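We call the chains A, B, C and D, going by the order they appear; numbering starts again at 1 in every chain.
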Amino acid sequence: MNDRIDAKSKLMTAAEAVRRFVKDGDMIALGGFTVSRNVMVIAREIIRQGRRDLHLVMHSHGQAMDILVGAGAVSRLELAYGGTGRFAPTGIRFRKAVQSGQVQVEDYSNFHMSLRFLAGALNLPFMPSRSGFETDVLGQQGFGPELRGRGKIPPYKAVVSSNPFNPDPEPVVLLPALTPDVALIHAQCVGEDGTVRIKGLTFLDIEQAKAASRVIVTCEEVVPAAFLRQDPDQNSLPPFLVDAVVPAPFGAHPTACHFFYDYDPRHLNMYRQVAGDDDRFRKYLDEWVYAVDDQEAYLAKVGAVDLMRVKANSNLGYAPGLDRR
Amino acid sequence: MNDRIDAKSKLMTAAEAVRRFVKDGDMIALGGFTVSRNVMVIAREIIRQGRRDLHLVMHSHGQAMDILVGAGAVSRLELAYGGTGRFAPTGIRFRKAVQSGQVQVEDYSNFHMSLRFLAGALNLPFMPSRSGFETDVLGQQGFGPELRGRGKIPPYKAVVSSNPFNPDPEPVVLLPALTPDVALIHAQCVGEDGTVRIKGLTFLDIEQAKAASRVIVTCEEVVPAAFLRQDPDQNSLPPFLVDAVVPAPFGAHPTACHFFYDYDPRHLNMYRQVAGDDDRFRKYLDEWVYAVDDQEAYLAKVGAVDLMRVKANSNLGYAPGLDRR
Amino acid sequence: MARAYTDKEMMALTAGRFVSNGDVLFAGTGLSMLAATVAKRIHAPQAVVFFETGGIDPALAELPLAVADPRVMTGTCMNSGLIDAFSLLVHRRLRTIAFLGAAQIDPYGNINSTCLGDYRRPRVRFPGCGGACDAASQAFGVIIFMQQEKKRFVEKVDYLSSVGWLRGGDSRQRAGYARGGPMAVVTNLGVMKFEEESKRMYLSEYYPGVTAAQVVGDTGFELDVSRAKESVPPSAEELRILRQDVDPQRLILGPVAA
Amino acid sequence: MARAYTDKEMMALTAGRFVSNGDVLFAGTGLSMLAATVAKRIHAPQAVVFFETGGIDPALAELPLAVADPRVMTGTCMNSGLIDAFSLLVHRRLRTIAFLGAAQIDPYGNINSTCLGDYRRPRVRFPGCGGACDAASQAFGVIIFMQQEKKRFVEKVDYLSSVGWLRGGDSRQRAGYARGGPMAVVTNLGVMKFEEESKRMYLSEYYPGVTAAQVVGDTGFELDVSRAKESVPPSAEELRILRQDVDPQRLILGPVAA
């Protein structure tokens, strides 16, 4: 216990972080949201190390989800939305995997998933909600009875109860807490000690990290802990909740990282074109995942021109005028 | 509805804010915590305008609570802790009012109160909790049956239920949401439009504001809205949740406002000495509340020497070396 | 006569007209982003646009392509996260209007954005409800974008992702929803609204160049057209703002000759 | 022989000895602030001190006098709020140790910080449980500061603010508490612990110059002293750090000649 406080150094490579903290069958919370701050470096490493039977939990995702599913690393997902907005309104490998029965999916809403992670972060068994009465989101079960009540899968998807503080009948939905084995986060700045600073929207990353047993953070920059302590109002997670810090410039590419780079429309459009075809997708994995051992090799492959094209403007935080068609 | 968005200007005096937004009998959420960011300017104005029968809700409070109770403005309180730490481990007028039966008190824990405000902020009817099973905090009712189920007072203080997601019996406490009529907040910076930026710890101010129907914010500085939009990661509340912005330098005195001034040990020690005696407390109110019409008069009375003594160091955020005995 | 504007342009401008100054708009991707932005630029400058991701009132100098686009984090009054965003969506003192899209809709405005066929082994999988289920449940009101097609306007949706008026009448309220419900459905042919009492969909407007019969022909259930009128066409000024200021790259509007 | 240190000094140092390097300490005001700070400076430099107000691991160059003192917001690794702070208190992977104080305690370590007499019309009102009820319920372990007096060590507390071992045995666990419970009670006379099975309080240590009989005499219930040993006195180095570095103004330590 508290080994994260005693750790001499949390700095490690993606390969080491995955080897030490991600096991077959784990429940993994994906940080980021659709086209922003996907933890691509860890997703690719999980694929390279051949992890299997993962159970992904998230709100709306995203490129990391789609390649993990496409590579066959995933058996189960709980999510609210699978896609990247205009580049893939439905995640392409996600769609194929669901339609073919390769993965089992449990749908919730984004507020549902937010409350479920929040419950995990506060050590509460469930959260109430007022979303979804009499919808199929609550009524239809994606996970069959053979999964229910086993491991981290609760016996019920949700329970409709009533508000005991209202003398009149008033239904309320109860949603089970999520306590993932591992949370993956990509942040702009992390201190040597593990203090995390996320810039721009934090989505649900903070709650996901607190709900998880282990936390892997990849980052654009490792900075001295003392620098982050000069303005602690801006920090997102204390160091003692973080197990691994993986330096990874452009670690969210082809998704965006606010104030560092925009999403990469060329890559996302190319992905959309190849991902629908099994053979072409396999080649994509060979080329963009298996053949690149680490982030340095990946960035060399993307190339300086494309990286500079998406580099963020320091004032705006994105790449103004970027051709996003 | 949404009159806060259309409002030409939210800038107003404390007198106008209290006149417009605080009514006798209202449920008022106090922002700040014990010796920090008490909304003293509004507390004094509420006393001057003679509001009565207020129902205060808070976590741990504090100087504003103690003078409101002492002045007879309060009938009911829900709280976790009434005091200011070493200066008054139990709030002096609070203690007298409870012992004399002048006020009715419902005790909860700080985590309980946090969850209750959070429930109000998320429009949830209740929150679960794992604090306090078989304690008197849950077992003893401060509000009698004549109050229960009336107005904003729920029919039960708390309900012990069970976790439906655990096949084994597992108790869980359900706590009713709080939806105050008005939330009072003191912030360091507020935009002309009402955007709020709190520096240092936010306590539960943000959740209290979201849970409330009306929000009054006093502040050290009013700044252009455009300034706050240059770094929106640091902002605490959007303008359309704020009804009144009251410029009030040293508005939390004699409590602290991080990066602006420390708490004032002389004033708090003086208060402790006079507050225990009814006559001397009445004189304190005459002198420090009734005789000072506004914050300018109050600051003139405190005097430049004492204000400069507590002024915060720009690097540390408090007054180093301040004699705090 | 060829129209001087595309379906998508008409849809964005039509939906934008439902926005009042001072509304708080919950916008998703695509057309809903356009509608919110265009309303703010044309007639509701004080409307506030926010995103479920936590970006509140961004400058929107460029059009975001997803609700997590870095463009929703710039020039905001506040950057937060999902829980903060949902606290605004459900706030009892805010008139929050949500723009939603879907694959299927039924006569009571219940929508499907999850799948066709059996849920556990669908014929077609869509992304899922995202925050739409929450907006449909708890916002003050909802405006829905649809393509008007028989296979999309169906008696019964394959999967009910986000609630409308449920089974009509007061069934929505009795199910536990304290407020909200769909205000209008904006399609490529016109605008549908819901009857006061029964909450069943009826045709309110058809666009210039479209007939009520054409709308009925592209609807998979019975549609009352007795109250239908022709829409006011977009003004030159509306089109100019939409094309020049809001989506100059036509990222969402798509090709000029649709 | 006069002792070379005061009761409060001995209490702060004794409690500090319960801290291990790597612990996460939930500190309140007063002695608990001293104990946490002194442990961090003496033998547990990697212990983390945090406050229910949201200040995490502050520099503590000066001693805070309340958990909302601006000194808990400076040099922290993170400033947040109550909900974030409680998420750390209850975190399943953290060994969170809370220091609490109280007005009354019973043989099973249940404490009262709320009132004496009838709750609705108390003879004496105290501040209330604050976050102590939460720490007692959900922290990994709790250390309690008390003045050893018959009226404070009572068979039954007037009001149970923060749970200890409840009625002893496994009653705490059966009531719904998944972990935690009081580890020790540190008083002005010595240290009490709780029996492995029965969870009843017993005398573990009496300070140099104090006798077991004296502790029994100041305790309002039966106290087993069969295992009691004399405490190790504070070292000169411990006292130097406490007096010179931690509380040089003696804000909490109080007068030298107590």
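Keep this in mind: a contact is a pair of C-beta atoms (placed from the backbone, for glycine too) under 8 Å apart; a residue touches a chain by one contact, two chains touch by 3 or more.
What you see is a predicted model; the values in this text were computed from it and never measured.
The fewest steps needed to get from chain B to chain D, moving only between touching chains, is 1.
Contact with both chain A and chain D is made by B. When chain centres are set by their Cα atoms, the one at the greatest distance from chain C is D. Comparing chain pairs B-C and A-C, the larger number of C-beta contacts belongs to A-C.
Chain C and chain D have centres, each the mean of its CA atoms, that are 57 Å apart. Between chain B and chain C, the centres computed from C-alpha atoms are 40 Å apart.
With each centre defined as the average position of its C-alpha atoms, the distance from chain A to chain C rounds to 28 Å. Averaging Cα coordinates per chain places chain A and chain B 37 Å apart. Listed for chain A are residues 115, 122-123, 130, 170, 172, 200, 233, each touching two or more other chains. In chain C, 73, 79, 83, 86, 90, 138 are the positions where the chain touches two or more neighbouring chains simultaneously.
The touch graph of these protein chains has some other shape, matching none of line, ring, star or complete. Interchain contacts (touch definition given at top) occur between A-B, A-C, A-D, B-C, B-D.
Chain A makes touch with chain B in their complex at residues 115, 119, 122-130, 149, 154-156, 159, 161, 163-167, 170, 172, 174, 176-177, 199-200, 233-234. Residues 29-30, 52-55, 61-62, 65-74, 79-83, 86, 89-90, 110, 114-115, 119-134, 137-138, 159-163, 166, 175-178, 249-252 of chain D are the ones touching chain B in the complex.
By the touch criterion stated above, chain A contacts chain C in their complex at residues 32-36, 59-60, 79-87, 89-91, 94-95, 98-99, 101, 104, 107, 109-112, 114-115, 118, 130-137, 139-142, 144, 170-172, 200-207, 256, 258-259, 262-263, 312, 316-318, 320, 323-325. Those residues of chain D lying in contact with chain A across their complex are 21-24, 46-48, 56-57, 59, 73, 75-79, 83, 86-88, 90-95, 138. Listing the residues of chain B that touch chain C in their complex gives 1-6, 121-123, 179, 191, 193, 195, 210, 213, 225, 228-229, 232-233, 235-241.
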